[in-house]
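In the two complexes below, chain A is the common chain; its partner is chain B in one and chain C in the other.
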Partner chain A sequence: MATALAVSPNRTELMKLRKRLGLAQRGHDLLKEKMDALVIEFFEAFRKIQASRTKALEQLSTAHRALSNCFAVMGTLETVQATRETKRELQIEISSRYLMGISIPAVEFGEVQRNALTRGYSLHMTSSVLDEAAREFERALGLLVELAETEAAAFAIARELEKTKRRVNALEYILIPRLKGALKFIMMRLDEMERENFTRLKRIKAIIEEHR
Partner chain B sequence: MNADRLIKFELARLNAHLPERRISLKEALSLTKPQVPTRDGSVHSFKRKELELLAKLLPEADWEKLQLPIFIALEPKLGRGAARVSGEVEAKVAAKLLGKEATGELLIYRPEVALLRRKLPTTIQYLFLW
Partner chain C sequence: MSFKIAVIGDKDTTTGMALAGATYAHVHAAKDETLAKLNEFLTSDEIGLIFVTHRVAEELVFEFRQMMRTKRLLPLVLRIPDKTGYVPKVDELQETIKRTVGAEIVVKKDGE
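This part shows the complex of A and B:
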């Protein structure tokens, strides 16, 4: 529950409080708009994650099937030997894009899929099933990088959403009610003082008239 | 008074992601890396796919008039969930994407905002007004 602010009841304080309340309400309205926009972005990221994850898992499953096939055709030792000869470099450029003040990683990468000649293993010692397995895993790698980018974005948005929600709640349930309470207190106190003055003046007038 | 300072800081931060200056679609299409510097010192890049989509939606004569990024203005006075797209060409593009009609200004609602952001995530940005 919001506790009252300690304020002295005068008109200057009343004006200051009105200004503060205006600022708090404006901040609350705008942060709520920001929260709504973040919710839209979060659900969008979530939708993308679901789609990317399904695609990546399907591709990984295909890749593993191709690898099993490769083990069966070429033999386990030969396949492992071929993978040891493979070059494993993937150039990824990670920059950031900004969304409502949140830094979101933006991943850019070139062609993940290579041709059999650039993979590095010997072509005449291996079977075409190895090429197929490698191709499927390269496809899966591209999808996994995309999934990682989307998940990182969703986490960043979720963190900002949580922060914004806390601020909106603090304004809505603590600061604004306190300011309103203090404002009400000052207004009531000022009214009371006015009534006291009025009564005092009436009493003084009555005393003066009695003495005449 | 700390709370007031925090609110002022938050309000100042709301539009920090906006670009220092906007560029036309024609200019963006001519750049190898279409991007604009933002107020917070970072860089906002546009995806070429989106630029090409915008180019398809508009006649070539309007490429110079369309300023990027397109702003979706969120204003508390419009009511919660409502937003505005200002600018004649900008509103035209947004209306085309949503299958609506627009003249000069377009008032849209939350599901439409989500749809626009889904279609053009880098060329459309939020603008907070008060």
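This part shows the complex of A and C:
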């Protein structure tokens, strides 16, 4: 499978190849360690996701129920009208942190929950079920933002894991066997040359003795 | 940096999220329109987080996946269930890991 590299069989080449093989092996070990660390990180992230996902999704379905209730009590058009009046300027802070050389988003947000007065819709035109729905959705949004953060991190780790795995495999199954093959080839060739030389010398010695 | 939130989904989801303070919302109707909108959201420097309902994401399958692969670090994109609580059976994260590690991850509850 591993086709040998095209090398000329001499000692310099042999030394060069040995150096390359050493480097490749060291790189392989390092990458393998990185991969193990990434797997551990991924486990951590995955566990976090599972915990926050169930919580967030439950909250979201509660919010949807509250909203349906609101549609029923206030009417669809009125609810939509109220959303038009709502202040929609929730801000989240996103920075990035580094984990094993991958940049991972870190999300921070202030208070998602607002009270009925700061939401912006007019109070005397709307029902309390709208407040309820808005409150539930704010709560859900907060949880979802957290979930988004962990999920983005997990995806980033997974992508990096894929890349690292590919590199490890390339080294392990392609480059290192090829280098080893080339090394073997050179060594055999050098041995062969030595044997040839030996017989040649023997032969010359015999000829010289004959002529004496 | 401060960022805003965008939502793409059905009427209920966008309404609810708007109530909660999400700045941009798009109600999915036609595929082309939604794609254009999604592209706009993705290239905007103002938006840090986009919620897309699973149903919409599934309708845009190929293009959506393509966009996810080529997008920058920000905005983050999170797929959420819609009113009916619809979540696809196949977990994409689970799939990626199965492909790379060659094993599925099952998280056990504490004490098991």
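For the reader, a short list of remarks on this structure follows.
Basically, the second predicted complex is superposed on the first by the 191 of 212 C-alpha atoms of A that agree within 3 Å, B and C clash if a C-alpha of one lies under 4 Å from a C-alpha of the other, contacts with A are read in each partner's own complex, and residues count from 1 in each chain.
Everything that follows uses one rule, which is that contacts are C-beta pairs under 8 Å (C-beta built on N, C-alpha and C of every residue); 3 or more make two chains touch, one makes a residue touch a chain.
Computed from a predicted model, the values in this text were never measured in an experiment.
If you put the two complexes together on chain A, you find that chain B and chain C both fit without a clash. When the two structures are aligned on the shared chain, A:Glu149 is found in touch with chain C, with no touch to chain B.
Once the two complexes are overlaid on the shared chain, A:Val129 sits clear of chain B and of chain C alike. With chain A used for the fit, chain A forms the apex of an angle whose arms reach the C-alpha centres of chain B and chain C; rounded to a multiple of 10, it measures 120°. By the touch criterion defined above, A:Leu99 lies against chain B but remains apart from chain C after alignment on the C-alpha atoms of chain A.
Once the two complexes are laid over each other on the shared chain, residue contacts for A:Ala37 go to chain B alone; chain C is not touched.
When both complexes are overlaid on chain A, the residue A:Ala24 reaches chain B alone and has no touch with chain C.
For chain A, the partner touching the most residues, choosing from chain B and chain C, is C. In the superposition on chain A, contact of A:Ile186 is made with neither chain B nor chain C. Of the two partner chains placed by superposition, only chain C is touched by A:Ala158; chain B is not. Think of it this way: put the two complexes on top of each other by chain A, and the tightest Cα contact between chain B and chain C is 14 Å. 43, 95-96, 103 are the residues of chain A that lie in the contact sets of both chain B and chain C, per the superposition on chain A. On chain A, the positions that touch chain B within their shared complex are 20, 23-24, 26-27, 29-34, 36-37, 40-41, 43-44, 95-101, 103, 106, 167, 171, 175. Residues 1-5, 12-13, 15-23, 48-49, 51, 73-74, 76-78, 80-81, 83, 85, 87, 93, 96-97, 99-101, 105, 107 of chain C touch chain A in their complex. Contact residues on chain A toward chain C in their complex (touch as defined above): 39, 42-43, 46-47, 49-50, 57, 60-61, 63-64, 67-68, 71, 79-80, 82-83, 86-96, 103, 105, 107, 112, 114, 119, 130, 133-134, 137-138, 140-141, 144-145, 147-149, 151-152, 154-155, 158-159, 161-162, 165.
Touching chain A in their complex are the following residues of chain B: 3-4, 6-8, 10-11, 13-14, 16-17, 38, 40, 42, 44-45, 74-76, 80-81, 110, 113-114, 117-118, 122, 126, 128, 130.
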